[in-house]
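Consider the two complexes below, in which chain A is the common component and chain B and chain C are the respective partners.
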Partner chain A sequence: MKKSLYIFNPGRMSRQDNTLKYTAYDEEGAEGQTKFLPIENVADLYVFGSLDANSALYNFLGKNGVSVHFFDYYEHYTGSFMAKEYLLAGRLQVAQTGHYTSLKKRLVVARKLVEGAAFNLLKNLRYYQGRGRQVAEEIAQIELYVSGLPYATTIAELMGYEGNIRQTYYRCFEQLVNVPGFTFSSRSTQPPQNELNALLSFGNMLCYAACLSQIYHTQLNPTISFLHEPGSRRFSLALDLAEIFKPLLVDRTIFRLLNKKEIQPRDFVRELDGCLLKEAGRKTFVRVFEERLKETIQHRRLNRSVSYQHLIKLECYKLTKHLLNMEEYQPFKAWW
Partner chain B sequence: MYVILVYDIKQQRVSRMLKLCRRYLHWIQNSVFEGEISEVKLNELLSKARAILDEDEDSVILFKSRTQQWLEKQVVGRERSSLDTIL
Partner chain C sequence: MRPITATLINLYHICHRELWLHAHEVRMEFFSDAVQDGKQLHETAYPQRADRNREIMLGGSKIDFYDPKTKVVHEIKRGNKAEQAHVAQVKYYLWLLEQHGAPGATGLLEYPRLRQTQKVELLPEDYAAIAAWEADIRCIVESEQCPPVINKPFCKQCSYYELCYVDE
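Coming up: the complex of A and B.
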């Protein structure tokens, strides 16, 4: 299976002998070790550090279908270099747009997305409830919101439900992460106000980029979304899909990292008005997140083991079938 | 599939072989490569390798293993290149 590359160190990536050459820079800016990376085995690049590259490299990456995702110093997703679309499908494009423009059809998809997200985050809460955490009240509250979903008649209303569900869910975070030194009052972004928020921001962004990478390998158009408003200059379909996978990929990664003390308060830096993950912490996070994406589960319908990463792609296929009126979309619901 | 590829090739052809292998596998030591590769990609690599090597003089040896877990790797001395994907 092709692998994602994560680049933290400043360095120069270039094309040489039809493959990738990476030269790291040390603190003084002097060239360090060079490393050749097999292009045939690279799925995509995630760039966190400062990377030097020229257009020859991007042409080469484009030809090989490798996309590059960029993140700024504050760990926000800033954008992607996407290779030219290689799977074009006019019919699907028309169907996707049709499902967006008709409010009735759009509501169906959007509602399923919220439903899937709510189901998966409830799964997380129930798991911890089984381990003696007091979250019954929040579970009941979220279930109440979910029961209201079928009656929502506008997208804004659905977004409202989604917001409420998440807010209630985040209220439990402090309980779920039973480690001193981590408090969580409410979700804050740009910049995140405390450690848990910093982890959530970082993780959500990785999840967002992972979804985008998978969408690229299907015929769906990443700019036309259903739950989120398709804005310009962003791939909002990835935001839609990420909703479903965030509880599984991001939140569970965070619980593991903190409960096993793999990330500790000293992995953060407080500066200006926010809280950020230090580089060592980021690397740990990425390593565990990557493990999670590669982790496999036994798929019930396909009757074979499937990685989390592949589950995202399967989700795209299901969406495609729905858009082409072949089979109704059922959001992915964790069954274990 | 996880493979270890080693080659012994006459000097005038060795750099072409090196460049070819770099595209598919991770270089770990002089004339030794390692990495995850699919059946199809491996066939592609081997057919390109055949075009480079002279079958009377040179050889490429492959060690295949189903997954990386089935392989225990031990490095004595300096590790010249790690296989890490987090740079």
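Coming up: the complex of A and C.
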């Protein structure tokens, strides 16, 4: 089975026959351990450290449909190397563009995305409410916002609702994470101001990258989005999809990591005015996040067991059908 | 629309929705194991065949194995309940050959896994049938609307299964 590779340490990657060869550099910059990986086992690469590579490697990766996503020191996504988009369908491209340029059509999709996201984050709140956390007020507040969604007539309005829903949701975080040493106050990015914010930024970025990878394996154009403005990031359709999956993939991972004390205050560094996850913490996060992506559920309709990662791809299929006027898009709502 | 191909003829006999999706370039096969498997079947089933047979292109359709000496088209398939579609595809090859000035060819459908072969000939009544298939295919493909799912057991093996049946 194909796996995502995450590279945290500086090193050199090269091609050796049909295999990827990776040599890590040690602290002094000298070559250390070498690992070999058959290309057929690699789904995509996520590069956090500084990686030395040449165009022969990228040609090899491109031919094998392996994309590479890069992140800077602050773990911000900076860009991707995408293999040639051999799968883009002419007709679908036109349809996708049409659904973006017509406000009426765009609103339909954008609204569904916010609806799906709200449903899934409410699911998290209700789960914890069932375990005695006082979140009734926030749930009611979010439901109120959701009831306003059908009346939104502009994308800006929808984005406004989305922002309000999320803010209300984040207000509960300190309660959901019942661990001393983690305060939240409010969402802050660039840079995150405290530990919870650092985790959210890191997790959301992983979710974005996971969505991007799945979109890439379909024929949707990742640059044309509906809720987010195309161009807000290069592959803004991944931002759209990530909205739906963040509550299940990222937030649940964070609650687990903190409540089980797998990540602790000592896993962070506070620098100047920001807070960052240290390497050991990032590794733990990625491991649990990957486990989450691989976790399977029995799909009600398809009668097969599918992983969370695969759910993202199914979301792409549903969007495809919507864009081609085959079936109206219904966002994924966690049913269990 | 682009020319009718043997692939479309084959799909037409399997599922009109699949035909529409394929013709609109919504493709899944690239990552599907079944297609990989089909490629392998070709490469491994008859390795020594390459010297006598030729691969030929006829107006957008590709015949993998054609023996110009004996005028036999070989089509290799896995046996999977779509035999009728396979026959239609081979008949179409024979018709194409005739259109391109090579009449009198016959076809051999081969199922190496089942150790079976089936002879296919172009019969007088097939000409009208092929014309009707083509007209029908044009009609389906040119429609704005994708045909509905067919809800057949076959769907479970189809590369479009998830696309077709996922709803929420």
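Following the convention adopted for this analysis, the second predicted complex is superposed on the first by the 334 of 336 C-alpha atoms of A that agree within 3 Å, B and C clash if a C-alpha of one lies under 4 Å from a C-alpha of the other, contacts with A are read in each partner's own complex, and residues count from 1 in each chain.
Keep in mind that, in the parts below, a contact is a pair of C-beta atoms (placed from the backbone, for glycine too) under 8 Å apart; a residue touches a chain by one contact, two chains touch by 3 or more.
The shown structure was predicted, so the numbers you read here are calculated from the model rather than taken from an experiment.
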Touching partner for A:35 - first (chain B), second (chain C), both, neither: first
Which of chain B and chain C A:24 touches, first, second, both or neither: first
Contacts of A:115 with chain B and chain C, given as first, second, both or neither: neither
Contacts of A:138 with chain B and chain C, given as first, second, both or neither: neither
Partner chain(s) touched by A:162 [first = chain B, second = chain C, both, neither]: neither
Contact residues common to both interfaces of chain A (with chain B and with chain C): none
Chain A-touching residues of chain C, taken from the complex the two chains share: 24-27, 30-31, 144-146, 161-163, 165-168
For the chain B and chain A complex, residues of the former touching the latter: 19, 22-27, 35-37, 41, 81, 85-87
Residues of chain A touching chain B in the complex: 1, 3-9, 11, 17-19, 22, 24, 35-41, 283, 286-287, 290
Contact set on chain A toward chain C in their complex: 86-87, 89-92, 217, 219, 299, 301-302, 314, 317-318, 320-321, 324-327, 330-333
